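Below are two complexes that have subunit A in common, paired first with subunit B and then with subunit C.
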Partner chain A sequence: MEQVIANGLYLGAQYALIALGLTLIFALMNVLNFAHGQMYVLGGFITYTVYGQLGLPFVVALLASGVTLAVIGALMEKFLFRTVIRRSHREESTMLLAAATAFFFDAVILLLFGEKQRGVPKIVKGVFNDVGIIMPYDRIVVGALAIVFIAAFVLYMQYSRVGRAMRALAQDRVAAQLMGVRVDRYSMIGFAMGAMLAGVVGGLLVTITGVNSGIGGPISIKAFLMVMIGGAGVVGGAIAGGFILGMMESVGLTVLREYGDVTYLVIFAALMVFLSIRPNGLMGKPWG
Partner chain B sequence: MTFNRNTRVAAVVAFLAIVFVVVPAAISASGRFDLYYTLTSVALLSIASAGVWLTFYIGRINIGQGAYALTGGYVSAILVMNHGWSFWPTLPVAGLFCAAASVLIGLPILRLRGVYFAMVTLVLTEVARLLALALPITNGAKGIVSIPLPGALSVFGITLIPDFATLQNSRLAFYLLAVTLMVVCFAIMYRLVNSRIGKLCQSLQQNEELASSIGVNIAYLRVIAYAVSSFFGGVSGAIFAAISQSIYPSSFTVTDSVNFMLNCFLGGLGYVFGPMLGTLVLYFGWDLLFQTGQFQLLIYSGLMIVLMLVLPNGLLSLAETTRKKG
Partner chain C sequence: MINRRSTLKSMALGAVSTLAIAAVGIASAQAENKELKIGFVGVTSGPAAAWGTSNVRSMQTRAAWLNETGGVKIGNDTYNINIVTFDDQKDPKRAIAGMEKMAQEGIHYVVGPNVDDGAAAVRPVAEANGIIYFPYAFPKALYQKPASNAVLGMIANYQSGPAIYKYLKENKGVKKIAFVAANESDPLSQRDSGVEAAKALGLEVVAQNDTYQNDTRDFTPVLTPIVALKPDLLVLSGVAPANAPLLIRAARELGYEGLISTETAQDAKVLEEGAGEYANGFISVGGASTPEIASDEMKEFVTRYTKMFGEYNDESNTKVYALEYILDTLKANPAAINDVAEFKKTMDSFSAPNPFLKGDAKLSYVGATSFGQKRQLSVPMVVNEYKDGAFQTLFVGSVD
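Moving on, here comes the complex of A and B:
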């Protein structure tokens, strides 16, 4: 039992961090970033290269992942999404663009890093084994780091000037602009931050699960699930969604083990029932 | 569209002549019989994409067409293999089964909007795949294989469609079948969009509350549109199962669902024939780029991004801008 909860918390922390980036981009731009999973994979491969191949410290690798993805995110917003949003009749057109960039990243990752599963040496050795919980130390470190990042992100959004501007933007774009918020600039920063979060989680998790070029799509779907549970575009919702999905996965894998591989089927079915009762998720606002 | 009646009739006749006469003649002249398979796929995928387009028309982003295509394929395959049905009656049954399922699913989820609906339908595709893996009747990951080719269809002793297995060229037969269905499907779509219901659907796309306040039954309309959409998905999936003579849980995945949506976007969301053009361009573009080997996906997605930047309202918006200028 303790084991299941511990696993759920560990999964939840990393999931919440993935969902945060996605929900941030959605809140600011109304763009559903299909390429989020691919950004995660890219971050994982950068950490693999810097930490696993070049042998530099893990912190440097994590920083490299974050910075590279932030730059990519900023460029994507400036040259792709901003242009399409301006020119298109319908907002949904950004979805095609997002899907195309997802394919593009898939292709780039495949060409640069190949299709093999990659892993890196453990950052901390040893296994924690007490009070009925068995958990490797590196998982604990990664889970704790994820929680630190989440806390840092929430504090940053709450108290910094940039965070305030972005929250204003998410509430009402026009009103924010009228109050003198530089909308274009903060959209770009927001997109960069969302991408950076994806890259950082990728970098964190490559130390545990490794990374391969095919997991981008499934990661994106999981991120969508969490955002839907919590409510799209709400920071608290993304965190709640992440922990709920992590817990459901952990409990489901234990309870439903004897029925075969049906955990996700049950989660999906539960989600559809939940959404038909509460269409905007736990905390979402009724956005169109 | 500012065509007058005569040019419209001429365009339809020209289109029919091309797909039924010119293309088969050109293929038999050039000897590229593999193109039949490509074009059949294009025709079938464009039927499924037409369904997705219809949900776009009521203002919903549908990434769940793969679920219905998969369901349609399985319904047809199971009826043929386990219950000894002929292929032809399974075709409408598969479509109707999907339509019925979509009414049940659609009633709750059509209340969702925007990204919520998009994400739920995306999840729906995964649910269909997982169900196909888990249910006993679908034979799990092994799928259903060696489905017989469609048999003869005769009414009152007159053979309307010969047995596909006895034909020398079953590829041509499948091509004609798929193209005929595509023509019928787009005729229905055109009629639907230019009818009273079509206008009402457009009002849903613009503002549901406003439409509802002036007396449009929005719940009924969106379920109808979604059911028609799923019917197309089911029919196209059933024929796919018949052509490949097999169906697996991985026959239609999230990627296919996304592709159906992309076909609509590429052709243009404001044009009934957008999905047809979009499917043709995307499918052929992918095939042509096969020669570039490992760079196929890179060039393909790169082109898609560029296309999106230049023509964000779809390929058919090109015709509109030139007409406006001229």
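Moving on, here comes the complex of A and C:
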């Protein structure tokens, strides 16, 4: 059982970090970024190229992933989403745009990096094997880094000037604007941060799970699941959603293994019941 | 009077004329050969893109090579090969649309689809439009009568699995076996036939219900309970090349010390990057490019493929064959070029040298034992063992 809990906690930390960027963008702009998974994949491939192919230090690769995705996110907000939000009166327009960018990224990533699964050398070798728990050291490092990143993000959002401005935007866009918050600027920073988080997680996890051009869609779906569990647009909700999903997956795959692949069936069924009782998730707020 | 403007005008006219003459020359040279369209309907995007991409790139490499060396002589005509491709995105509905597109283009020979449900879905379209297709899918109903238009493009797991388990039982002392498969039709059916074969050999099956979502990225929770059962052999049924290194790595990190195998083709580079030395000893089914058996032509194919696409894919060791079979069968009976009934007649007696293997190996249609009719390409069943970045041949079998 110790192993199952350890697996669940590790998965939870990993999932929570994946969901953070998605929920940030949703909170700020009410945009469901369908391209979140593709951004994760792109971050993974950048780390693969810089660390795995060019042989530069892993930290440099991680920075390259984060910075590249931040720039891409900022450009997407400025030239795509801002324009559509300004011109369209229908919320679906941003969803369609997000879906289109997801397909676009899928095609570009496939062209640039090919169809093969890619991986990089382990950042830390060896396996921890004690007190009934087996956990490779690289997973422990990645899990710890994920928790550090999550904590840094929460603190930044809580105490920095930019974080306060973004929270104000998330709470009430019009009121924030009336109070002098530069909506366009902070929306762009928020989108860039969300994209950067996706890129950093992709870079971080390429050391554990590798990356391939086709996993963007499934990653996005998992991120949506976490956000729905925790509550769309709430940072704490995304973190809670990540840990809940990670633990459900780990426990389900052990307890229900004799019944075939019913773990996700059970998770989806539980989610449907849960959302019918709490449509805004654990900590979510109603929109509209 | 000659001025700068008229000089430039003359030079431009000269250049255009030269280009036009050259273009006419090239066009007339190309026009000497007729065009033979061969279709491909398979998955070249999404998580399973590696399967179809290695397929289509093998066809494109071979076609470009043949065209470059003057085309293919079939009967009295010489043809340039044009590969018409369609990405079905692993969706049966799109596979049907792809096969309909092939029919509209008048194509009679199509390679693909890559998976069971796609191959089953296109059957009515192929049969109604006179198309012979070469799926990489294993359901026997596709190849048994009354079906007659599908030709299995590789070795099925129910053919290679028993041979592998028997070899490992006799040579490595395997007694306990565990299966894990993705929750999709192909891997599940491969798992079921694997379990059946293992039981028939008297092996103890300690796990057969464990499955995972195909988009799983972290397999530690999936493998934790299986590793605890300490099987001698862990079979990754129908595993996608993207998932194989992750499963191997997770199993080894959890302390699993037994053997790991699969009946699908894999790529050495992917295993090396994803699992490193953990992949040593991993057993899979390959084709014709291990150094022990590859011919010079196969080596040139690998070189050309690498030059054309930047990197070779070891899955193409198997997928190099389909186009070769189509063209050689048409050479044997040129009347089949627009008449698949003629193609079917030729299949029963067809035999040609296998250009990709050393020695006297032959291309021929097989499958009489498994399907009751010859509806399978005779591809060498090369069982490989991965070792330090490359595959080594463990043993070579065949199917009748």
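Methods note: the second predicted complex is superposed on the first by the 287 of 288 C-alpha atoms of A that agree within 3 Å, B and C clash if a C-alpha of one lies under 4 Å from a C-alpha of the other, contacts with A are read in each partner's own complex, and residues count from 1 in each chain.
The rule we apply is simple: a contact is a pair of C-beta atoms (placed from the backbone, for glycine too) under 8 Å apart; a residue touches a chain by one contact, two chains touch by 3 or more.
Treat the numbers as computed from the prediction; the structure is a model and nothing was measured.
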Partner chain(s) touched by A:F26 [first = subunit B, second = subunit C, both, neither]: first
Touching partner for A:D261 - first (subunit B), second (subunit C), both, neither: both
Which of subunit B and subunit C A:M283 touches, first, second, both or neither: neither
Contacts of A:S213 with subunit B and subunit C, given as first, second, both or neither: second
Which of subunit B and subunit C A:Q14 touches, first, second, both or neither: second
Subunit B versus subunit C as contact partner of A:A74, first or second or both or neither: neither
First, second, both or neither for A:V200, with subunit B first and subunit C second: neither
First (subunit B), second (subunit C), both or neither touched by A:L253: second
Touched partner set for A:N129, first subunit B, second subunit C, both or neither: second
Residues on subunit A lying within both footprints (that of subunit B and that of subunit C): 106-107, 110, 217, 260-261, 264
Footprint of subunit A on subunit C - complex, ascending: 44-50, 53-54, 183, 209-213, 215, 217-218, 220-222, 224-225, 241-243, 245-246, 253-255, 267, 269-270, 273-276, 310-311, 313
Complex interface listing, subunit A residues touching subunit B: 26, 32, 34, 80, 83-84, 87-90, 92-93, 95-97, 99-101, 103-104, 106-108, 110-111, 217, 221, 224-225, 227-228, 232, 260-262, 264-265, 268-269, 271-273, 275-276, 279-281, 284, 287-288
Interface residues, subunit A side, partner subunit C - complex: 3-4, 7-8, 10-11, 14, 52, 106-107, 110, 114-122, 127, 129, 134, 136, 139, 205, 208-210, 212-215, 217-219, 249-250, 253-254, 257-261, 264
Touching residues on subunit B, where the partner in the complex is subunit A: 56, 61, 105, 108-109, 111-116, 118-120, 122-124, 126-127, 130-131, 133-134, 254-255, 258, 261-262, 265-266, 269-270, 294-295, 297-298, 300-302, 304-305, 308-309, 312-313
